[in-house]
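Note that chain A is present in both complexes that follow, paired respectively with chain B and with chain C.
Entry: the complex of A and B
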């Protein structure tokens, strides 16, 4: 869309008066500015508000917001024994609804296809992903072969990591199908930004959404009883994302339980221990990975269809970073559609020719440990010391099924405000979008998502790797 | 399309085992923080009343630390240990542990009230604990803050008006 001239002059003034970062030559896309460095029309009201506040005013607001985060125990723990508030930058990322509609449709399309794949994998005769890929995955559970989950849905809550490569195009980096976390951080960041920065929000019509209603509808749709008993299973207050467990429990009005609260009764059902009499559980929204450790016998209860798990067991087979390569084919096969969203070009290292290509171009690629998560096991070779290359080359030659290679994507940066130095800085950002699928087969992606900001020295955005959150607004 | 079924919303006050565990420890940590603040304040005021100097205060705090089970290694400063550092017997750690239990079991208003006390306490310059007056003020500040936590418990857990035993039971049980 051509930028109006009047807006351009205003934007240029904003860039200089706010002392926004200068772009590097041929650097990555900066979402809040145009190619010529002037503030993007969509960000002009926001930046004008920031200009009105000035560096000192922004610092005061940032500190007020930090206090709000601290007081509300809005935390993400890196060390179980140390309380840590969630580091957040309060300049919102803005996505236009037209852009979002395409993202949302792409995410929902992918979720549907992944669920159909999992059903085909465990209950059918899937032929899309080669057998040696499936059987070499530590996430594939042969014990679940033949098991149909409630309403045939394996993945109810889905998180997908995207990066913006410019011009409204987003590329998928990976899928999260096990226990994707971050939706409460999405909600909380938006809530605080709108409450404490009314000047930022006043000029925008942010698209509303009701996660609580959608989740309740999803949980209810999976159960046969009229008034199902649902609980949220947490790994406890020392878990990294415990804030989210508590927040969702309050939001959805379902009890928060830990493993010690649950047991398997003589009837094979899951029961929750309570002072005034135990209660049978119909559905567990689980936020833990190793279920048998938390509740011995839970796997058997699930396979006997005595309890519903959200997400189901076995979903990790499609969460495998190598299976990722075949998701576009799943979409074509199961839905008869072309993928709406592009995904990062990835390489299966078992193929000799591909391996030769990867070894010859290691310094331009990203290597990912197949079973890694939370930013662990991701090697962005262009950003690393060359001395690592020979070691990683040895590792992938020794264990080609343990890694995938991926093209390095020059994704977008966004601006953050450093309240210590009262300066602005550009950082890499990604976008984790959440979607759900209910028992009626309906999918819903929640507008915006969680923008994660990388540390100043890298591109890995995970909070567990030292990244920040950023509120994300979808605007009309 | 099938109408969505409801999810029962009446279960969020179940007294599960983990809630009981966290409730007990929440109470214990809060009480411990308050007790340490109270006896620290009393010790400082007594030394001041008796006209004792820095050596007398140091001796009083060392006795207090010993009674709290704090082992002072080498030349550890007893005021710093009692106020901030000791893992299980400093005021700050007791408050932090209480916050941790509260996040699992207490209404958000109570969590906020505890966080408020911690933030106010963390804002005190640790170097000021060398001064008996400021040490006393910091301890008194915690005591005052915990009155606010108690009020928050009254307001958000039990309501402002006195409830019957049965009402209290049902408030938790449902």
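Entry: the complex of A and C
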């Protein structure tokens, strides 16, 4: 369908006056422009505002936002003891509510199915994922067999990584069930962008949501007592996500504690040290990896149901890049539904035919270390040197259970403004969406998410790989 | 196989680990249950630990019955016991030989010509060609390699460790059963013969676990070969098989990690095969290790 003339002319003007990138026509989808390279109707108001500010004005605004970020210590730990302010690009990513509704429903569907799978794994007789895959994982804990968590919720806070492949279609790359991080960056980026860029925000109606209320309802739904003692367990101020821990503790009004603040009492309960007398803890929102190391005896207290854990240890069995392969089957089996969102086609290398296919097509695939964290265990093979590829081939032959292969997806780019050079540049972006599940059987995905921007030379988008983040607005 | 050709044997396995400081958490994969295949039919298999813990058991990707035990009760000593009864085939006759070029592997055998963490066949090609000296058949090739390893590698406890590779063994000329097996595996694989590591028990003597290998015969399947004892077709019921894998790292009897401020060590291990078919108990396993320490 041809677009109206007026809009087209306006878009062309914008493209030329803002000096937006003009890549080859067959490149990746660019979310802010149409197929023919003119600014997308949803972005026209935003780009007009940017045009009015001009490169110098944008630079001023970027610097002011940077100061705001610094003052708020909106930060990410890069390497031990070096914090850096979260690098952010302030041109928002805009997702229409109709498009979001489908994403949100798909995320909630997946969250429910994963939780039911974990219940079945520990308390039932799951037959979806092969025993060898589950039981050989270092993140499966045999001592949890038979354990039922409070209100049957294993996965309370869920993060899922998606990419946009164009036309409003999103494809899932990964699930994060243990300690999904980044929700505070989602909130903070939106908050700062709306406050400091009123001319961007004025023309849009951003769908509101209340994360604090949803979290409080979740915490309350799990505890039997009227006024439960809840704490947020952090790995300390040199942990990568300390900003987030502090932010959430403030937002939810629950104390931030580290392992040394907690101990197991003679009654077998977990106690928190306080100046005005120690208190028994009802619930721990855990944000650390190895609970038993931070609080010796915690596993036993948890298994004895003396304390509730948010995102308890059991979640990790499904937080496995290999278990990912079977999630669509979980959705069909436990919910009797077809998956709403597609996921990246993935390969289990234990199957010899599959291995042969993967070895023959390495230059087209992504290889992920199964137990890896962050972007460090992700190899995008088409972007790699052939000699490096053959080294990886050898590694997967030696340890086929240590990796999964995934098809390479042509996902979308978005535009960023570089305030140093005052130029625009297209970069790959992904979307981490967060959702919550409470003890009343409710799930809720929070509109938008955290858009992560890859470095200019790559496709890996997470913070530890040196990317940026972007405010993400869901608009009506 | 005719049931009369089979004998029933029992086995016990006991290992004790000690730690210099309390262990807060230990997670263990135990491959100490009799393997099930057409030469060896387990009648019963059991594993236990002290302190005790909830365990799961599963068949891993090589078909090994693996017990996964995770302990969260603080401990400074860990005892691992296994017992079982197995119906074993009587020794087989030397199988028909085949020419090397008539090799057509099945998919599952092909995996075992590939490198594994401690065995890199591509680094052993030159040595293998020398040693095998243009063999005319599969059995000739296997027997030359077995004999060579048996004659040229000196059995020496303490010269190697669990990370010693096949290349290291070739260079140093020393090692234990696991090292000799690794070297022979690498030499066979480098000539295109599928070969896998086997961990288990030697019925002729009580003591630590033993290691040998199996090579793939296109008509007979996997055949045992014991380089340490220089037996290129190992006597069938001398060997009670626990687990198979690419090498030690994938088939070792106990694979575990623990969280502690201190260090841990294997204090004693004692296993035996009881060929007379009497039933066995965990107490038998304990008595044997007590007597040895």
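To be clear about the criterion, the second predicted complex is superposed on the first by the 472 of 476 C-alpha atoms of A that agree within 3 Å, B and C clash if a C-alpha of one lies under 4 Å from a C-alpha of the other, contacts with A are read in each partner's own complex, and residues count from 1 in each chain.
To be clear about the criterion, a residue touches a chain if its C-beta (ideal position, glycine included) is under 8 Å from a C-beta of that chain, and two chains touch if they have at least 3 such contacts.
Computed from a predicted model, the values in this text were never measured in an experiment.
For the composite obtained by overlaying on chain A, chain B and chain C can both be accommodated side by side without a clash.
Touch criterion met: A:276 reaches chain B, while chain C stays clear of it.
In the superposition on chain A, A:420 contacts neither chain B nor chain C.
A simple residue count on chain A separates chain B from chain C, and the partner touching more is B.
In the superposition on chain A, contact is made by A:226 with chain B only, not with chain C.
Shared-chain residue A:71: touches chain B; no touch with chain C. In the superposition on chain A, A:338 makes contact with neither chain B nor chain C. In the superposed model, A:457 makes contact with neither chain B nor chain C.
The minimum CA-CA separation between chain B and chain C in the overlaid arrangement is 23 Å, rounded to the whole angstrom. Across the two superposed structures, the residue set of chain A contacted by chain B and also by chain C is empty. Touching chain A in their complex are the following residues of chain B: 1-2, 4-9, 11-12, 14-18, 20-22, 96, 99-101, 103-104, 108, 111-112, 115-116, 119, 173. Across the complex, chain B is touched by residues 67, 70-73, 75, 83, 216-217, 219-221, 223, 225-231, 236-238, 242-243, 246, 249-250, 252-258, 260-261, 272-276, 279, 438, 440 of chain A.
Touching chain A in their complex are the following residues of chain C: 24-25, 27, 29, 53-56, 58-61, 66, 68-74, 107-108, 110-111, 114-117, 246, 259. For chain A in complex with chain C, the touching residues are 131-132, 134-136, 138, 140-143, 145-146, 290, 292-293, 296, 299-300, 350, 352-353, 394, 397-401.
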